[in-house]
Every structure is written in structure tokens, then in C-alpha cells.
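Each of the two complexes below includes subunit A, the first together with subunit B, the second together with subunit C.
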Partner chain A sequence: MSTQKLKEIIKQVLPDVETVICWQEGFDKLNVTPIFITSPEQVDQVVWNPLCAQNLAGYLPSQKKKVAVAVKGCDSRTIVQYMQEGLIDRDNVVIIGIPCKGIVSKKKVQKAIGNEPVEDVTFTDGSIKVKTPSGEKTLSLADVCPTKCTSCQFPTPIVYDQLTADAIKSDKPAESVYADVVELEGKTLEERKAYFASQFDKCIRCYACRNACPMCVCQDSCIAETRDPHWITQKNSLDEKVMFHMIHALHLAGRCVECGECERVCPMEIPVAKLKKKINKEMKDLFDYTPGVNPEDKPPMYTFNVDEAKIKEHKL
Partner chain B sequence: MRVGVFICHCGSNIAGTVDVAKVAEEARKMPGVAYATDYMYTCSEPGQKEITDAIERDKLDRVVVAACSPRMHENTFRRTIMKAGLNRYFFEQANIREHVSWIGLDKELNTTKAIEEVRMAVAKVMKNKPLFSSSFKINKRVLVIGGGVAGMQAAIDCADGGLEVVMVEKSPSIGGMMARLDKTFPTVDCSICILGPKMVDVAQHDLIKLHAYSEIAEIKGYVGNYQVKIRKKPTYVDWTKCTGCGLCMEKCPTKNAYDHFNFGAAPTRAINIPFPQAIPKKATIDPNYCRQFVKGKCGVCAKVCPTGAINYEMQDEFITEEVGAIITATGYGLMDVEKLTEYGGGRYPDVISGIQYERFLNASGPTSGHIIRPSDHEEPKTIVFVSCAGSRDKSCGVPYCSNFCCMYIAKQAILTKDHIPDSQSYVFYMDIRSPGKGYDEFTRRAQEEYGAKYIRGRVSRIYPKGKKMVVKGADTLLGTQVEIEADLVVLATAVVSAPDAGQMAEKLHISYDTFGFYVESHPKLRPVETNTSGVYLAGCCQGPKDIPASVGQGSAAAAKVLSLFSKDMLESDPAIAQVNTNNCVGCLKCLKTCPFQAIVEDTLRSGKKVAKVIETVCAGCGVCTSTCPCGAIQLQHFTDNQLLAEVNAICQK
Partner chain C sequence: MADKGYLPKEKIKEFVEALGKDAAVYAPCLEGDTIIFRQYTPDKEISLDRPANTPPKGAIYPQCETLLSFEFKKDAATPQKMDVELKANTDFPKAVVFGGRPCDAKGFTVIDRVFVNTDTADPYYKKRRENTTIVTKCCNGPYAGCFCVGVGGGPASREGSDVVMTEVEGGYYLEAVTDKGKAVMSLPMIQDGSSYEAKAKQANEKATAAVRNPFPADAKISPELFDSGDFWERVVDKCLSCGACTFLCPTCYCFNITDEQAITTGERIRSWDSCMFQHFTLETSGHNPRPAKYKRFRNRVGHKFAYYPEKYDGAIACTGCGRCIRYCPVSVDISEIVGYLKDPKADPKQWAADKKDAKN
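So, the complex of A and B:
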């Protein structure tokens, strides 16, 4: 139903913008890729279903002209953060908001069907039916959703110009957002060290997490690859891998909008977002600041205040 | 690369706890080191010659000196290697004195640490790049903030030296604390009689421009070129018309306004001229009390003013002054008596502060120089002075000595006897601190000639008993408790920093201590300079001090400005941030975090948006470099790679 509405909205806004960024079916039924719509004929290719995982807001800072973009609730936080950091001009973006009840993790589905080729995918309320050469398999959406959906606080976009359906309220408790971080905090230093070592050791330094991150502003100038400054070498050691992930985490301090793109694209299934979530939790405690929720906020790490309004100086 | 390493003994300062010969021996083995030696005093003339000779003989192109803090001798050695033909940034100083020999006793550990310090400095110096200063013009005008005696002295000295001076005073008149005093110790001469001529000098000097009742709103720029935005607060009286006749003050129906000049010793009118010798002698309306503002109707002053100077609609006015140097003479504050609850401060009207008592003594004060008890306006006969009321008391947050209370209490005791010959003064003291010229004789005179009874001990409690105040305390010399029934108690309240000292320091980009006093560049050798070049300190903003010390510091600050302005051009410090436009992604987070507004947005010919550093504004603090996610902005002489070389030098042996 909302797919139809989405298409209508796209047709309506298309004359006013250079491009509309949305999703289309990929090389098979289980894959969805972005589509950059410039003519009305392309609108029929648009899809909206729980496979539309990619955060399309990440394309916005590179756009020179006015564009429209389709965003889920979680993706909209990226736009809010861009507004706070002055990386986009809000007047140059038409936001098509899609209230979303949760998406699916392609990797989880593939695992559940034993990585068989996919012939067809259909959705019924609350479940996904995947047809493979060996038969059909029905999976509950709750079982194959990414972790971020289990604690989603923003099913409806925070900022939008048009909505494709009625707004939905979150039914997840706010505490659930950092439940995994709290659990990790309960472990001993040694346990945590061992955990991160085992995870980051899998890293192949493909930088997919960084490239997919909508908040990474450095792009081709990443200090993981420069010699001046020469912070890390290309050596394939745990130290250098950890250093890379630390750098990415610190560059996102108070900026990570928890869209989960880094984890979604990681070929090694490393919980890349965990460090960033931990820092976000600290930022929340210290500055009472959550990235990407209020366009009027100022990111605390990108302001210079001698006295921070929300922290008692020297009593950290 | 050929690095020369020179290890200084600093007499026994370093050599006493560090095996300097071993440090030199280890240095010789470090990569890049062509020559290493140790010397008794590297900073001495023969020590410096050792360096220049070695540069020539061993063809050194980089120099490391392991000695004291670079704060001491970095410039010495930079000049030394410059004389030998090297760029002065091809020098590093390893601090093996303050960081090593002075803080550890274990010679073996110290030696190991000294070697590591040298290893770091060698690694860093090899990454150093030659840097060059550029020179820029200076604006030879000076801003003096604060019109107390220190600020006035600084302004007069600068103006006499031919500089244009802009003076900003927050209250309606210049004069500061000294204008409130009756007499000054140890000569007991009339305070306003000796201050008055200075105030007139300020007013009459062609080169001094005075902005009274004004505050500093914003300071932009750098040494030699500051733009200072000044907020002229609304006085609600057109000062170009006001003649200072005082008719408005006489007729004003509001008689209960707080008198800031008299520290609330007595109420005043809502429109007032603070004191007869005020400069400028102009009236100011206090909108917190004025009926026209509080109730919306009155207008008496507007009716009586013979020149029609009253203007209730007056607003803030902002002006900008351009100056090249700033003298900060913002003075001090006094601890509120209400904080001293055990002494009944604020609760009992007959427990007053020293400055209030001073106003009672003063002929132009609220009582025209008659000493009274505030409660019943009777003449007190027994007066107890309590020194260190808040001072030297950690529980009050003031562990320091307020410097001049011992002396002014002695003066007030003498004056009390002069005013009321049959009175008896008691002084509770912890120690009598009277180290100035003629000071100790003065405190003795108070006791021996004027009969003030000095009791060594602290007061524990003050409480009322009938019309009297009972002062309970210890006499530690007799080892007994004492109780005195006093008519009036005077508390020598602690000297604290000015109420807005912190915000002012932040506008000036200077540091202040935990008590709000401004920090000088060096406590002994640079007492009027701050670590921000072009900003100097005078008077009590730097710490409690008496009049002669404040005046001396005012003159000293003026001398510093005059010597700064003796040149036409200043050299810029090349150790500032620089943007590598190839790497800059134009996120401009640096622009937002820069505390000096030294970064602006720039567009390259290709259309690429990048950050640009205004060289003369950048103070080299490095906030931008730690903000830049891609390392495109680098602090010269402290680049990531230079610091990483140091880290690697100690982490990878």
C-alpha cells in the first residue's frame, strides 16, 4: 500500500528536483539496490519492502543540486545530523519519509536458507517467504531483522516533507537501545579485551564499514591510508586493525546515528558499531546529547565551550 | 641527517641525579646522531660556543639540548643555532631537569628516563621542518581595562610615552577601590588627595580616551592588532548634557537604592553620582531601583534636570576600538560578609566589613566621616577588628593571605582613636604581616601609641547581647579564651577575584587560577606578562596586593607595552596550524571548534571547499588539529608525524 503512495509522491516531487533517490530490485529478489530517478518512466522500478535496508541519506552530502530521498525512521537521523553539522542545505533536500516496522538482514535470511539461490521472495504480514530450488521457506521477520530494529526508537522519520503512511510510534523501551553495551560493560576488562581482540582480528581492512558510513566525511583522505600523517601502517596485525577501528569510532564520537550500515556491509560479520554505541552512551551521560534527533542541537565535540553547559567541569 | 646532542649538567641540578656521561654515550648510538657530549652549563657562553663549534666541525644540521625546561632556554639555543646558520626550528630541547632530575632520586632510573627523553627529542628533531616567521604591522594603541589605581598608572605611563590609550571602566567613575579609602598606610595621607591628581591626569590627557560605565563585549585579533568591542551600558543620562550638578540626586524619591560605591554601608538614591571627586562626574540611574523603571512612572529627575539630560529610553551602545596591546587591571572583589556565618555576617547590622568601615571613616562617606553603629547610629566605643575573616581559611575556599588587611586594620585602629579618643580597639590576628617599608613600625605605632589591643588568636563566634556584640575567641599567647563585649565588629573580609574575572579571562584568552586570579607568565621573571602575547597584567587581578605594588605593576605593564611598541613590525610565530588542501575535505569542523576564530572557509580554483587559517590570528593551540578527522590541518612544529616519531621512539626500543 505504501509502495503505491511512495510512487505517487515520487511522481509528484520529480519535476522540482534533479534526482529522486530510492530503492529498486537488485540482481535477484533478495537484493535491493539504490535507484537514481531522473525521469517518470523509472518510477515503476521503485520498490519498498523490508529488504530496503540501505541508508540512502548517505548520498546527500555529495549532491550538488536539489534532490529528493526516501528515508526510513533510522535513516532520517543521518539527515538530522547532516543538518547539525552543516553538511547539507535542508532547502535542497526533499525528504520522503517512510514509517517502517522493521527491515530484514539479508545475511540472516541467507543463513536460514543455507545460502541457496533465491527464486522469489514474498512478504506477508510479519513474515518473509523465500522460494529456493529446494522449496519454500517462511521466516518470521522478528527472527531475521538486524539488531537495530529490535530497539528501534524512531520507526517514523524525525524530519520529512512527505510521509508515505501514517506515523508509527515506537513500542520498544528506550533502555533497550544500549542493552548490548550495558551487557558488555558488565564484563571484566580482560573479557572485553579478549572479545574485541577476537572480533577485530577478523578484520581484513577492506574499509567497507568506513565507506558505507554516512557520517565519515574524510572519504579518500582517510588517515588509515595516508603517510602524512602516518598514524597506522598497512601491516596486517591486530594492533593496526584495532587502531583503525578506534580511529573510526573516535571520529564518530557524538556523531554516530546508529544506522548500522557499518555492520550491514561488513563481510566478516564484525560488530563494528559496538564501540560507537558505547561512545554514544557516554556522550548521552556526559552531555545529554543523542546524535541525529534534533536539528537544532550542536554536536558537543564540534563546539568550543570553555564551560560545557551540561557537564560539571573537573568533576568527571 | 646529522644530529648533535648536548647534555647539560646544570651544575649539580641535573648531574647530581642523572649520569650525564652515560646519557651522552647512549645518545651517540641513536640513529641520526653524529655527535653527542655533556657539558657543565650548556646555556653559558662557552656552552653555546661548544654547540656552534660542533655544528661547524661535525657538519651538524639538527641540534638537541637536554637541559632545563624549554620555557627557560629554548630561545637561547634557537638563537645559538641560528648564529651558526641553521633554521631555529631545527632545534629540540629535552627537559631532563624539571621532568627528570628534580623529581626523582634514583640515579639509575633517572638516567634511563633522561635517555628516553633524548631519544624522543632526536626522533622529533629529525622530522622538524624549517619554519620562517613573517612580519606584520602593529597598531600602537593600548587598551587598559579597569580604571583603578593600577590601570590609571599604566594608562598615564603609556600616554606619557606617546601612546594612544583607550581606558574601559565598568563603573560610572574611575578611581577603583582606592577612591573609596579614607587614608592610606603607612603615611596616613588622604587617599583621594593623592589619587585625585592621577584621576584628573587621566581625564585631561589628550592621548587617553575614557569609556566609563562600559564593559568589554568581545575581543578579536592578536598581538599588535586587536579589535575590541565595547559595550557602553545605558546610564539613562545623556553625559554630554549632564553637568554633575547633583540636583537629580537631591530630588530623587527613591532613597533605598543599593550603594555600590559604599558597598551598601548606607542606601543611596536611584540616580546618583558615586562620590564628589568622581571622574567623569556624571549621574547614572540604577534601573533596579528607579521608580520610572520599577513602577513605570515617576520622572522626577527628568523634570528637575536643568539641562534635560535624562533619557529613560537609552539602550546599550556598542563601539569598536582597535588596539595593539591590552593591559588588564580589573582589580578584585571582597568576600561577602554573609558567607562568614559564624561571625554573624549579614545577620547582625553591627558586624560590618572593613571597606564599609572605611566608608564610615571617610569624610565623603555616608556619615560624613562620623563613625556610627549601623543599628542605632550611636558612636561605638569598643570596636573589635577581626583579621583573616575568610582569608587563610580553607573552609572558606580562600587558603591564601589577602595581603593588605593587617596593615589597613592597624590604620583603621589608629583612625578610630583619632575620631573617638575615648574608644578602645581590639584586633584579633593570626600573624601580623607587615613586611613593607615602614609597615612594621606602623603596626607597632597602632599598639604602642594608639593603644590598640592586639590579641593573637582567632574568633570562634560573634553573637548579640543586648545592644552589644559578644566576640568570643582564643588568646593563644595567654592560652585562654577571651570574650569582648563590642559596640561594633569590623571583619577584614578576604580579597577574592573580581566577580566576572573568569569570563574576562576567557575573552582575553589568558589563564586564571582556581581562585579567579590571572596567571602571570612566570611567577618571578615575567610577573606582568601573560602567556598570551600582547596581554599584560596590573594590580589585584593577578593577586591581592597593596597600592604601591599595584602602582609599580601598572608602570611595569606600561613599560612592557612601550617596549613592544618600540618596533614597527612584529614577527609572527610560524608554529601555527596549516591546512593541506589536498587532504582537506571541507567539513569545516575546525572552523567551529577554533577558539580564536582563526579559520575561515575558502574555495579553491577547482571549486573545492576547504578550510583556511588566518596566520596572524592563529594562536597555535592545536584544537583544530585534534578535531580534523583526516589530519589535513596540522600544527607546524607539532605535526602528527613529529609527535608520532616521539611516541614511536619511546614505544619501540
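So, the complex of A and C:
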């Protein structure tokens, strides 16, 4: 089992690092929460299962000392992007890679079980069994996975120092990645406006999406909150909410590693990743660039070529 | 006017519309998979299936509220003089908060102590509060993260409500708690409910027994552990410093005031603030009394479980609704943290000791 192997690796790397960042069981069986391991006794608390949705790589830039982090394939793109942007010192990070066959969206499970309290959760190959006061329900992982898993191109981490299991290859077609964006593009401008207005109207400006975003590097200096300059008002009107989300999306142009954290953490269940994916699709089209796949790449917004490829086709 | 009523399930819409005859009704409305308190209009779908993602706090204490609008005006007679014209509005319509949970209703009582029951009452909140009737739906059982019983509440608690509804066969048993509530009971679709009283009581008791109580009875918060930086650093290292916990909280009332001005006109607005944000209580001088994440987090827990109770006769500023736990991006569990603080064996050294090379 890769959980056992994960624990072994953590015990092995712990003496060389300050902290190992991994997952442990949360407040109930359906919730997993990060664990910052500093002593071998904590290793037994480590879990690895499809509930380990959080992208732990997001904690890396704030770490001051050498740390180890457990990452899934999708999470590893964050590290690659950090390397491209010089946000971490690779020598100070030990990457424990976990080949992953797909994770679970807690929100989808909760919906499927009618929001009942969860008493127990078990996994069998390809399914999750959830026990609630009114009985047991078995759900197919394919039905309760987040959108990103349905088109996963990187089940095995791109960068790693150790792997917990044999590498897995993606069986999803590359064009499936932007299927949801293509669907949205098929709608009229008015339909799209109405769609985003209805979604962003739910926003409470808690900034969970921003703070969970591993590539949101402004953090405490975000212009959504600064008083000086005073770019955005504190009003909770739709205009101001949309403005904030547009800023978030535009700051991620060619940088979003599509980890889906923004969407996963949204307490109002707004599909906040859609705008970012749309911009990524444009960046792919314009600059043939995919964020977080090659540490040697340079993000297009970090560089300038006089003869940008395809620039004429786009009449720029 | 009977104190005990019965409302068949199919008459909910009719009931809400009757409540809305002379008042704005705020109800839990389904939008996609999200349940949000919105001002009810007939095109909206009310959902009482589970507690809403948001508490109804905003119906009485809006996330953003115009305290006054202002306009700078030049006086034609003395052009060197600039006058400012101020306008404030506290003329709020009657309102009903429908379908909140007992934890939500109790949340208003926490804010009342600060905004109403004081010499310096807040005119905006006070007026809205007086104008609002609260019709609460009791919970059938606990939801993920809930712990109302642990903080002196319960899934059938009456505190803060004018009417409480308990789900019984085919509908709801209604009980008036206040005079405002009795007025609601006179609506024509409310039938006599006395025959449902025993069943409702049974359901309330069953729900109460099912809610967890994460704290040892009467345990006090350990002041030594509360003052330990090591403890707080350990428990909040995973926190992302977002405001989900505070903005979804039925009791958090901290606010900010900003002037939003364009040339000569503008508004002074009050908007919810969050102690999780780095800018919280940042002073004009640039000094930040809580510069570290753990200090801000300690403020949140301290405010609810230590400072507020000290000031208000032991009342806890948390109603155990569980939203901060349920919707936390990284599953930070405030009940677990308070559990550590209330552990009779709490020892600050323990938190420092197992920290490898803690401060070198």
C-alpha cells in the first residue's frame, strides 16, 4: 500500500528536514486536514486516500527552512511553477511524489448523501463507501471526483525526490482538459454574462479562493483589500465581486497550474476556476505554454519575444 | 391567538408569502447547490433541507451598509467655503428571518449585547433588530462540525427566536416564543398544533441527544496555554488566513468603516471585517498589534471563548453552528482547539517540547 510506503519515506526524510507537510484525518471521516510533522511519533497519523484533495505545495513559499512535502501529480505542477518563478529554492524542498488515480470532491459526496453527518468512510477499488445515520451508501469515485480528475494529464508528479508507488500514465485525452471551457465558449455573450453574474453574486469576499491559490503571491498586499491605493471599494455589490475575481484571474494568466484549490475551498460553491482555465486556454493558444509542466520553461508574461509565435494569426 | 400551531409542508410558500405581506422576508434560498439567505421573491426556491451555507446574520447586520452619504457643496455666496451635506437613513422596513436554525437565531443575541444592550447602541442594527421577527426551524439532528450543545445551545433552542418550527409528520409544529411570534401564529394557514406538541418534543430531544459536546463540562480555559505562542503556532500552521470562518459566523460582528468617495460625493460604509485578515486593526501609523497569523487566530478564539464571556457574564460568543469547521478550506476545527484549551491536563510545555529544534 502506498500509505505504508509514504510513512516509511517520511520517517526516512524527517531527520534531514524541519517539517514534513502531509495529510491526516480531520474533524470527521470525510475530512482530511494538513499535518506538519516535526517528530517521528506524528507519522502514524498520516493518511493517504482520495480525500487528500488539498494541494499542500501551497505552503512551500512561506516555509523558512528545509521541508518535505507530499504531492499528487496535479499538485507537483505548483512546485514546477514555483521553480520557474523563483519562488522556492528547490534544494530546500524534498518532494514526496504520490501517483494518484483520482481524488474525491467532498462537496459532491455530501450532496450525494443528503448532507447527513458522516460516521465512517471506506474505500474499495474505484468506489467510496460512506456510512451515515440512515445507512451506507456506495458511490463510484468517477461520480464524485472533482472536474480536474476527469481530464488529468499528470497522475504521477512531474518533479519528485521519492515516489510512493509505481508511476502511472494518464489515460485521458489531452483535449478533455478544456472541455468545460469549450462548452462555455459555445454560449452567447449574454448567456455567459448571466452565468457569471449568477455565480459571482454568491461571493462573500472571504478571499478563501485567493488565499488557497498557490500562485497568488501578493497575499497581504492584494489590491482587493489595500486602502492605499484604494482600487476596489469594500461594497459587496456584484460589480465589486466580479472585479475581484477578474483581478485574480488576470494575475494568473499563464501561471494558473489548474490545481482547483480556488474552487475546492469556496464556501459558496462558486466555480471560480472557470475564468482561470479560460485564460489558460488562451495562453496555450497564443504562446503554446502550459504552466507548471517543465521547470526550465519561462512563463510567457515573464519574458518577451519580438517574434512571438502565432502572433500574426491573432492579429496582435 | 394560539401559542401552538401546525403548518402543513405544502403551505410553506403560502406562509412565507403571508409573512412577506408587510415585511421583507429573508429565507434560505437554493442557488445551484448553495443555500443562501436572500430576500424572498416568488421566483426563489426555499430550502430547509440543511442549514444554509451562510447564516442569516446579514438580514439584520448587512455585510455592507451605508451609514451616511455625503456631498461636498460650494456655497455660491462664499465660494471659498466648502459645505458638506450629510444624509443618513435608519428608516428600515419590517423584516422576517425565516428558516434560520437555532444557532443562527442565538447568534443575534450575541450581537445584541454589543450593539443594542448598551449605552451606545448602534442605531442601524437596533432599528433593524426591533423590526425583525425571527422564525426558526429546529434541526432534526447534527450536521458536519456542529456542536451547539457544547456552547449552551441546542438543535431546538428557543434563544433569539420569536417562533420555532419543528418538523413533524407532514409539516411543522410551530411554537410562539415571544409576543412577536404570537402575531405570526394568527396567520390563516396556521392550524391548531396542540396534538403535535408531544411528537415535536420527542423529535427535539432526539436531535439534542445526537449533537456532540466537544468540551468537558464546566472546564475553564487554561490561561497558561492560552498565552503560549508555541501552542497557537502549532494549531494554526495550516490556516490560510482567509475570512471564510468569520464571514460565515453567525456571531462575528467586527467591522470596518471606509469612505468610498468619487470627486464630491460619496458614502461612508460599514463592512464586515475579519480578524483573520492581515489588515485587521492595522493602525494608521503602520503599527499592527497582531502582525502574526497565530495572533490574529488567537484573537478569534479568544474573543469568542474568553474576552466576550468575561465581559458578558460568561456568555460564549459562539453558537456551535459548525460553519467555520465545515467550510474551512483546510478543516481547522475550533472545537478541537478550545478542547485543548479546556483540557484539565493542558500543559503549554507539551506543545513546545515535541517541536523539533523549535526556535533555533
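Annotations
Methods note: the second predicted complex is superposed on the first by the 305 of 316 C-alpha atoms of A that agree within 3 Å, B and C clash if a C-alpha of one lies under 4 Å from a C-alpha of the other, contacts with A are read in each partner's own complex, and residues count from 1 in each chain.
Methods note: contacts are C-beta pairs under 8 Å (C-beta built on N, C-alpha and C of every residue); 3 or more make two chains touch, one makes a residue touch a chain.
Every value quoted in this text rests on a predicted model; they were computed, and no experiment measured them.
In the superposition on chain A, A:Ser198 makes contact with subunit C only, not with subunit B. Legend: residue contacts after superposition of the two complexes on their common chain; A:Thr38 is shown touching subunit C, with no touch to subunit B.
In the superposed pair of complexes, A:Lys107 makes contact with subunit C only, with no contact to subunit B. In the superposition on chain A, A:Ala208 makes contact with subunit C only, not with subunit B. Contact with subunit B, but none with subunit C, is seen for A:Glu85 once the two complexes are overlaid on the shared chain.
Touch criterion met: A:Arg264 reaches subunit C, while subunit B stays clear of it.
When the shared chain is aligned, subunit B comes close enough to touch A:His251, but subunit C does not.
In the superposed model, more residues of subunit A are touched by C than by the other of subunit B and subunit C. Within the superposed three-chain model, A:Asn115 lies in touch with subunit C and out of touch with subunit B [touch as defined at top]. Overlap of the subunit B and subunit C interfaces on subunit A: residues 219, 226, 230. For subunit A in complex with subunit C, the residues that touch the partner chain are 18, 26-28, 30-34, 36, 38-39, 41-42, 54, 59, 107, 110-111, 114-115, 117-118, 133, 198-199, 201-202, 204-208, 210-212, 219-220, 225-227, 230, 233-237, 261, 264-265, 267-270.
Against subunit A, the residues of subunit C that register as touching in their complex are 31-34, 36, 49-50, 53-54, 63-64, 141-145, 210, 234, 237-238, 240-244, 246-248, 256, 258, 260, 269, 271, 274, 277-279, 323, 325, 327, 329-333, 335-336, 354-357. Across the complex, subunit A meets subunit B through its residues 85-87, 216-219, 221-223, 226, 228-231, 251, 301-304, 306. Taken in their complex, subunit B has these residues touching subunit A: 506, 580, 582-585, 587-589, 592-595, 623, 627, 629-632, 634, 639-641, 644.
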